[in-house]
Each structure stands twice: as structure tokens, then as C-alpha cells.
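Inspection log for the structure reproduced underneath, given as C-alpha cells.
By letter and in written order, the chains are A, B and C; residue numbering begins at 1 in each of them.
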Amino acid sequence: MFLRHRGIGLGIGAVAVALSLAACGTSSGTSSGTSADAGKPAGEAAKKAVAQGGADFTTAAAKTAAMGTGAKPGEWPRTLTHAMGTTEIKTPPKRVVVLDVGELDNVVSLGIQPVGFAPSEGSPELPSYLKQDAGTPKHVGTINSLNLEAIAGLRPDLILGSQLRAADQYDELSKIAPTVFSIRPGFTWKENYLLNAAALDKTEEARAKLADYDRAVKDLGAKLGDDKPVVSMVRFLPDGLIRLYAKASFIGTILDDAGVPRPDNQNIPDLAAEVSAENIDQADADVIFTGVYGDPKATDKSAVQGNPLWKNLKAVKAGHAYEVPDETWYLGLGVTAAMEVVADLDRYLTR
Amino acid sequence: MSRATSRRVGRTAGGALLLLLAGLLVLAVLLSLAVGSRQIAPGDVVDALLHGGAGDDAQVVRSLRAPRTLIGVMVGVALAVAGTVMQGITRNPIAEPGILGVSQGASVGVVCAIAFLGVHSLSGYVWFAFAGAGIAAVAVHVIAAGGRGGATPVKLALAGTAMNALLASVVSGIVTTDARALDEFRFWHVGSISGRSVEIAGQTWPFLLAGLLLVAAVARGLDALALGEDVARGLGHNVPLLRILGGLGATVLTGVAVAAAGPIAFTGLAVPHIARALMGTDHRWVLPAAALLGPVMILVADVLGRVVFPPSEVPVAVMTALLGVPFLIALVRRKGTVAA
Amino acid sequence: MTIRPSGFSVLRAGRGSFLLHRRAALVATVLGAALAVTAVVYLCVGESFVSPTEVVRVLAGRPSPDEFVVGTLRMPRLVVGLLAGAAFGLAGAFIQTVARNPLASPDVIGVTHGAGAATVAAMTFGVTAHTALPYVAILGGTAAAALVYVFAWRRGLHATRFVLIGIGISVALGSLTQLFVTKGDYLVAQQAKVWLTGSLNGRGYDHAVPLAVISLVLMPALFWAARAQRTVSFDDDTATALGVRLGRVRLCLIVLGVVLASVATGATGPVDFVALLAPQIARRLTRTAQIPLVGSALTGALIMAVADLLARKLFSPIELPVGVFTAAVGAPYLMWLIVRTRSRSGGAA
């Protein structure tokens, strides 16, 4: 026996309560102080709002569009407004580090081979659709666990990323090189592209690429005529997660641009709706496109698709359920991926 | 367990109790078939089972809930019987595959088989699960039995904790250096009975049967052992052989449960104690009771896991731990368990 | 108190006086030197090698081309590691002293898991600020310890029961953590998973500040504890004869230990076994009956620094979580402790 008083337990409990009060006091104190300084805590608060949806979820695109630079083409140094404030870039960047797949797509499509790249945890390699033109960027950790020393060791002159992913490390990153952050990856991909292009003085090229995309996607819409099929997007993720991608996603914006109708449960201003394997019939539509994040064996894919419920779906029965590359349709967040998706859509929807 | 008295249940009373437990199991099976993120009326469930039907609801019951329930039953039987035998041969009330690190050993065996040898079918990697479970079981027991005093409950539990931590660090090292292995492993890291196909059940039962036969062979010996090693020897039992056969049975049962569902703790702890409370000390009554109660615990935990955060599902191992820990606490607080 | 055992010197400072164990002082000096060397090596080694002279220049505040890598990237991380390691070491020293049992370390009795579960829960509900998380961790760790205490109480507190209940509560809290990860947004879940591996990657001064602040606040308590610890290590009868109110002193020491372990966990994520190892190693070095506080803190800091150095460099460019190394050393040590346990099940195990 090493303690003989029951009161001690109560004592520990009392201390816990006291500390909880102290914690509340401290945390509320810091959050009220954030509005005053535009530093890191403010970034954190913003990150929170973006991650959870809320007001920022619908306005992020407009806000990102308002960012960029007033500098003329060829004018250096230039000052960029972005999600974390303003940043001056002195000379045309030559050594670029990208912190997410979207930024990778953006710079590669503008003819720049980045020197460093942080892949997602689930897909550690370079996306195969960018492999040819991306060169051999060095791995600088993963999206959620950046290796700042590796980034510093590359001596970059520009770092591109997003507030949602890396706001915590903005201070250190901006000491390594001018760092430009969009608000978030995903459905704001066009605005992010223009922001990144502004930092590289390649706005014209970016606009041209986006115009190409616009033409292609409008052509597709015209080709499909007035009687467009309803398209459902199903993605299998690890731990039994099944998502139906909705409007506020990369793929959602492309389908929207093509004027392709969506099922009601995916016609929502959100990233995705979740369903369970038992309710997979809610994924039904005229056409289904499925993707898998990471290793298919870690997901419920085979369990869902091997079961009669899936085989009973209208789209599956008609042979209109297609497996599409996850890295362009779901993981892809840039114009190169978008062009691939439009080509795939053309192939599948007009056959 | 620490009380060396024997308490027996009468033949009629025992039979009635087993019937009652069987009824409980039927209820749990029906619950597991009827409850889920999709609303299906109990009448339709029964209808789908008896008369078939091609409707969506019938398909969900037959193709998703039935295999899952079947695997839950098998895993529950295996873990509960393994726990009963482990408590019997170690004469230790908190012996259990999960706490002792045996399940974790089996799952590391499976991970290594998948990651390094490219073995992908249950009948292939189940052998690695046996090897992992066996090595972990022997190691934990040797460590706990070392020093004076032998394998006391707290030493076994601590050795198991240390084993779990060591294996977790090994696995963590593997998955950080090989990101691909991470996803493969996630499947085995947390025990779950969802997403398993009927084929898994088909590959599981022969091993389950083999394990149960081994255990049945030592049931009488376990009774004698409960009265003390000397008594068992006096009654003409070969104690080392008894321990080896029983240990082998428990290892096979744990290994096959892990191969089918991943590590699930606390079922093997709680169920044997409840079974003994109901049936007394005679293992010929305790083992069947545990075999009936184990699936009940797994299925009830799984159903709870389906309904807490719909449409996401909480893995069954998380729920058994949350249900089982209060039980462990009650057990430890009970007089006689730790005073030794 | 006028007892002065052999091997001690009396250190007088103003009105207070301390018994100073000569060997303990020597060990502390050696550990301090080892720590300084490790720290310099830590600052030299990384993605790129920085020469020790440059490191010293940066430390001295002189301009250097390596100022950023050494001063901004490696230094904060090292500071967090050292502070957290020292906190773990002290936490282990207090709790092991009171329990008179090396097995009752904060890792085993639920503190680490409680802090972890609370932190992940907070992340799930949208609290991501570094400024708030350490307090959440303290709350979780303390609550878990209180829970273990209440459940383990049965006409007194038996060390064995305490440890067993601690293991049980730890498993339950681990499951609860899993539950929060399941419930959380996928993005948050991924961040929580990275945090849960226990790593010093991406730790900066914002993580060090709460650690340092709490250490400073606790400083007077630590001086008090250093004296109190000696009385606690007497057996009950001697202490009662000396008129020491053991219950209250022990409570305070445990609370100190729990708070220190929790705040360290809040900064680094769960890093197992440092709190178990550090006091044990320190005591073997000083060869004292009682666990040396300064030695434990220094050893804890040393373990963290060395483990993180290995974690950063061994499989470079891939970084391993620091907890992998502490567990790889700590778990076998725990096993060894179990093997050589003397008593049947009472005092020691």
C-alpha cells in the first residue's frame, strides 16, 4: 500500500477541475487576442473555419480570386497578396517547392519542374500523369508532416502551398523562401492556379490553359446534348469510408462546368456525403465513376462491389459503372488533371 | 480462480442454463442481422433469411450482414474459448489473448507475411498468425514467470503491456519506412468484422474446429489443474503435456481469430469469468457456456459500433475494449485477485 | 532535521540548507556534460552537416550562414525535446518514489493515454491551437490518473491493483482515442494520427512555451518536492514518528508527476517509457536508495535528445517517430524489470 487516504483521489480530481478552469481561461484568452495580431494564431483560427466548412466553404473561391498581384508581366520584384498576408518575390523563381498535389500540377503545367514535393500519406509517389514532365523533385516529407530541413536544404526561391494544410509552419517556411499560400486545395483549383501563376509571372499561360479547359468542357457539354446522364461519384477510402463526392470538390466543379446533372444527395454545397456499404444503393445514377484512395485492400471496395446490392444498381446493370484513376479524378487538383478528366468523361459518356 | 474450491452445476440446471445462453445467442444473431445503418424491419430480415428474395433489403441482409455475423460468431467462440483455456493453464484470472500481447503477436505475424512475403490469403497467412501468437505467448509467459513469485497477474499483465508496446514500435518502424505497408496494416491494426467475405468464414472454420478439439481434449485436465498442480499430478494428469496441448489450442484459436478479424481484446477476459460465475468450475460446462457467450459479446459490441456514429462504423475491437475494461476493473477490485 | 548520512555535504544558501549527495552531484555534472555534447551533435547533424564551430557561433548569437537551419529549425525542436524529456524524467521520479515501484510509471498508469485521448478529442472538435492543446493534455492526463486512483482504491491503495487498473484504463482510453479518430473529419483524423505517433517533427517554440511556463510555475514546487521526496522515501512508521503528513505530501508529489507527464505528452505526443527509464538509469548511476531528481530530469532530456537524433538520422531522409526508439529500448527494459522482480506481488510487483 502506498497511499492511505481516500481524500487524495478527491484531491487529484479537484486539481483536475482547477486545471480545467485554468485551461479554459488561458485558451479563451489567446483566442480573443488573435484578432489583434495577424500572425499565426489568426491563421489557425482561419484554418479551423475552412476545415469545418461554414461560411468560408462557399466564399473561399471568391476570396482566393481576389488574391494575386498588381505587377505587370515581367515586372520584378512583385508583391503578392495571399492567404497568409503579403509576400515580396524579388526575381523570377527558378527553384520551386510544392507542398501538395494541386501545386505540383499547377507548376508542372506551366513548364516548371519543382525541386521539392510533399506527397500525401496514401500515395507516396509522383502522380503518374505528371511523371513525364515533373522532373525528379526531392521528397520533403508528407503533406501532414513536412521536413523543413529538407526544404531548406534545397535552397528554394519560392514555396507554394495552402493555409489549410500548412498554416502552422508558415512562419518557418517564409524564412526559407517567399511562401505563397492559397486558402485551401480542392474546388478552388482554378483560383489557386492563377495565384500560383502570378507568383511565377505566368498568368498569361495559366489563363490560356484554363481557356483550353473551358473550351474542352463546354464542347463536352454540347456533345452530350440536352439529355445528359446523371453522374454519381463514389470514392472508397481506408477504414471503410465511402464518400459520394458533391459540388464543393474538384470533380464537382468539372461536372458542373460540363453541365452534367448530379443525384440529389450529391447536389449539395459540400465536399462529399458519406454512406455505408449497406446504403450503397444511394449511390445510384445513370453513370457511376469510382475511385480508390491508397491501397484498395485497405478499403471496403471489394466487399461493396462483390455484393448483389451493388450489382443491382441501375448504372452497374447497364454497364455504366466505371473505375477511373483516383490520382486525376479525386486526388488531382489542377488543370492537367482536369484535362485528363474531361477526356475520360468524353470517352465514357459519349460511347 | 485463486480459490481452489470446486463448485459444480447440476446436470439439469446446467442444461437449462446452456439452453438459455443459446437463446441469448440467437437473439444476438438476429440483432446483428437486423441493425445497421440501413433501416430494415425485423420481419423483412426473417423473411430474407427464410424465403430469400432479390430486393435490396434482402440482399443487404444476406450478402453483408450474414457473413459479418457468421465471422463474428466464429471469432467470438475462438476468443472466449482461448481465454478460458489460458486462464485455466496459467491459473491466472486476467490471462487473455489481448492483454497478454498474444493477439498483437499474431497480427504482427500477419503483417510480416503480407509485407515481406506477399502472402494474401487467409489460409496462407494464418500460419504466420499461429507462429506470431505462439512466440508472443511463450515470450510473455517466460518473462512473467522469471524471478521469484512466478507469473502473478500483475507480472503477466505488465509483460503483456511491454510486449504490446514493443510490437507496436516494430510495426511503427515498418510502416513509417514503407508507406504502402501502412494501408495494408491498418486493416490488421484494429480488429473489425466488417467487410469480410463468406470465403474468409469458409477458410476459418477448419482451424476453429482443430483448436476446439485440442481444447476439448484437455477440458478434464483443466478441472484438475484448477485444484493445483500437485492435485492434478496426483489425479494422474501429465501437467506439462496438459499445458502444451492447452497452450497450442489457445494459440490456434487466437491466431485464427486474428487472421479473420484482427486483434480484439477483452472478449477472452470477460466471457470466461461470466461463464464460470454461471456454471461453476467444471470446464465441461464452462467451455460450452463461454463458446455461447463469446459470440454474444462480439455481436452486441459490433451492433453498438454500427449505431454510435452513423454512417461511420466503430470497429468492434474498440467497442469490446470499452465494454471489457469496466469488467477488468471489477475483477481487479474483487478480493483475492491481486492480494496473492 | 539534523540527520546527516555519510556521503552528503550540507549546502547552505541563505536560510535554507540542502543535503547534497556528493556522488549525485558528480553524476549530475557528468550528465550535464553529456547533454551539452549531445545537444551540439544534435545541432550539427541533419539533412546537411553544420560544423560545431558554426553551431557555437549561432548559439553565441553571432551572424552565421547556418543560423536558419541551426537556430530556427533544429534549436526549437531540441528545446522541446529536452524540456519534454526532463518533464518525463521528473514525472517518473515523483511517481516511482511515491509508489516505491518502478512499474508504476506514468506510461503504465494511464497518464499518457489520458493526455493523448483528450488531445485527439480536442482536435476532433476543432481545437488545433498549440496554445490550448497542452492544457487539454494536462486535463486529460490528470483526469485519467484520478480515474485510475478512484477505481484502484479499496481500503487503501495497493500498488498491484493500481498498475492493473492503470493498464485497463489505458486500453480503454486508447479505444476512446480510436473512437474520436473515427468520428473526426478525415483531414483532422490524418493530423491526429501523425500526432499520435509521438514525434518532434514540426515542433517549435510555440510548443516549448507552455512547457517552459509550466516548468517555471512548478519550480518552487520542485524545490519543495526535492525535500519532500526524502521524507516520503522513509517508511511509514519513521515518517509518522518524524511528524510528516505523508498522505498530503504523496498526493502533491503524484499530482506534480501527473501534470509534468501530461504537459510533456501534450507537446510531443505520446512518447512511451522515458518516464519509466530515466529515474531508473539515474538511480543506478548515483547508487542512492532514493531516486535523484536532477539526475532523472537530465537523463530524461538525454534520452529524448539521443532518441530524436536517431529518429532523424538513422533512416534519413525518412524520419521515424521518436517514440519508436524509446519503446524499442524501454519495453525490453520493462520486461527485464519484471524478470528480476523480487517480491511475490506486494511492494514491488
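The rule is simple: contacts are C-beta pairs under 8 Å (C-beta built on N, C-alpha and C of every residue); 3 or more make two chains touch, one makes a residue touch a chain.
Since we're looking at a predicted model, the values are computed, not measured.
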Ask   = Looking at C-alpha means, what's the farthest chain from subunit A?
value = B
Ask   = Is the number of contacting C-beta pairs greater for A-B or for B-C?
value = B-C
Inquiry  = Can you work out the whole-Å distance between the CA centroids of subunit B and subunit C?
reply    = 35
Query = Taking each chain's centre as the mean position of its Cα atoms, how many Å separate subunit A from subunit B?
reply = 41
Task = Could you list which residues of subunit A touch at least two other chains?
result = 121, 239, 241
Key: Shared interface positions of subunit C, touching two or more other chains   = 158, 182, 319
Residues of subunit B whose C-beta touches two or more other chains = 312-313
Task = Using the touch definition up top, name the residues of subunit B that touch subunit C in the complex.
result = 94, 98-99, 143-144, 146-149, 152-155, 157-159, 161-163, 165-166, 168-170, 172-173, 176-177, 190, 265-266, 308-309, 312-315, 317-319, 321-322, 325, 328-329, 332-333, 338-340
Request  = Note which residues of subunit C are touching subunit B in the complex, please.
outcome  = 103, 108, 151-152, 154, 158, 160-161, 163-165, 167-172, 174-176, 178-179, 182-183, 197, 272-273, 315, 318-321, 323-325, 327-328, 330-332, 334-335, 338-345, 349
Note = Counting only contacts in the complex, subunit B reaches subunit A at residues 36-38, 54, 56, 59-60, 62-65, 179-180, 182-184, 186-187, 192, 194-197, 310-313
Query = Within the complex, which stretch of subunit A touches subunit C?
reply = 1-9, 11-13, 15-16, 19-20, 22-23, 26-27, 30-31, 40-41, 44-45, 47-48, 51-52, 121, 139, 141, 144-150, 152-153, 164, 168-169, 171-172, 175-176, 237, 239, 241
Message = Applying the document's contact rule, which stretches of subunit A touch subunit B when the two form their complex?
response = 121-122, 124, 142, 238-241, 274-279, 281, 294-295, 297-298, 300, 302-303, 306-309, 312
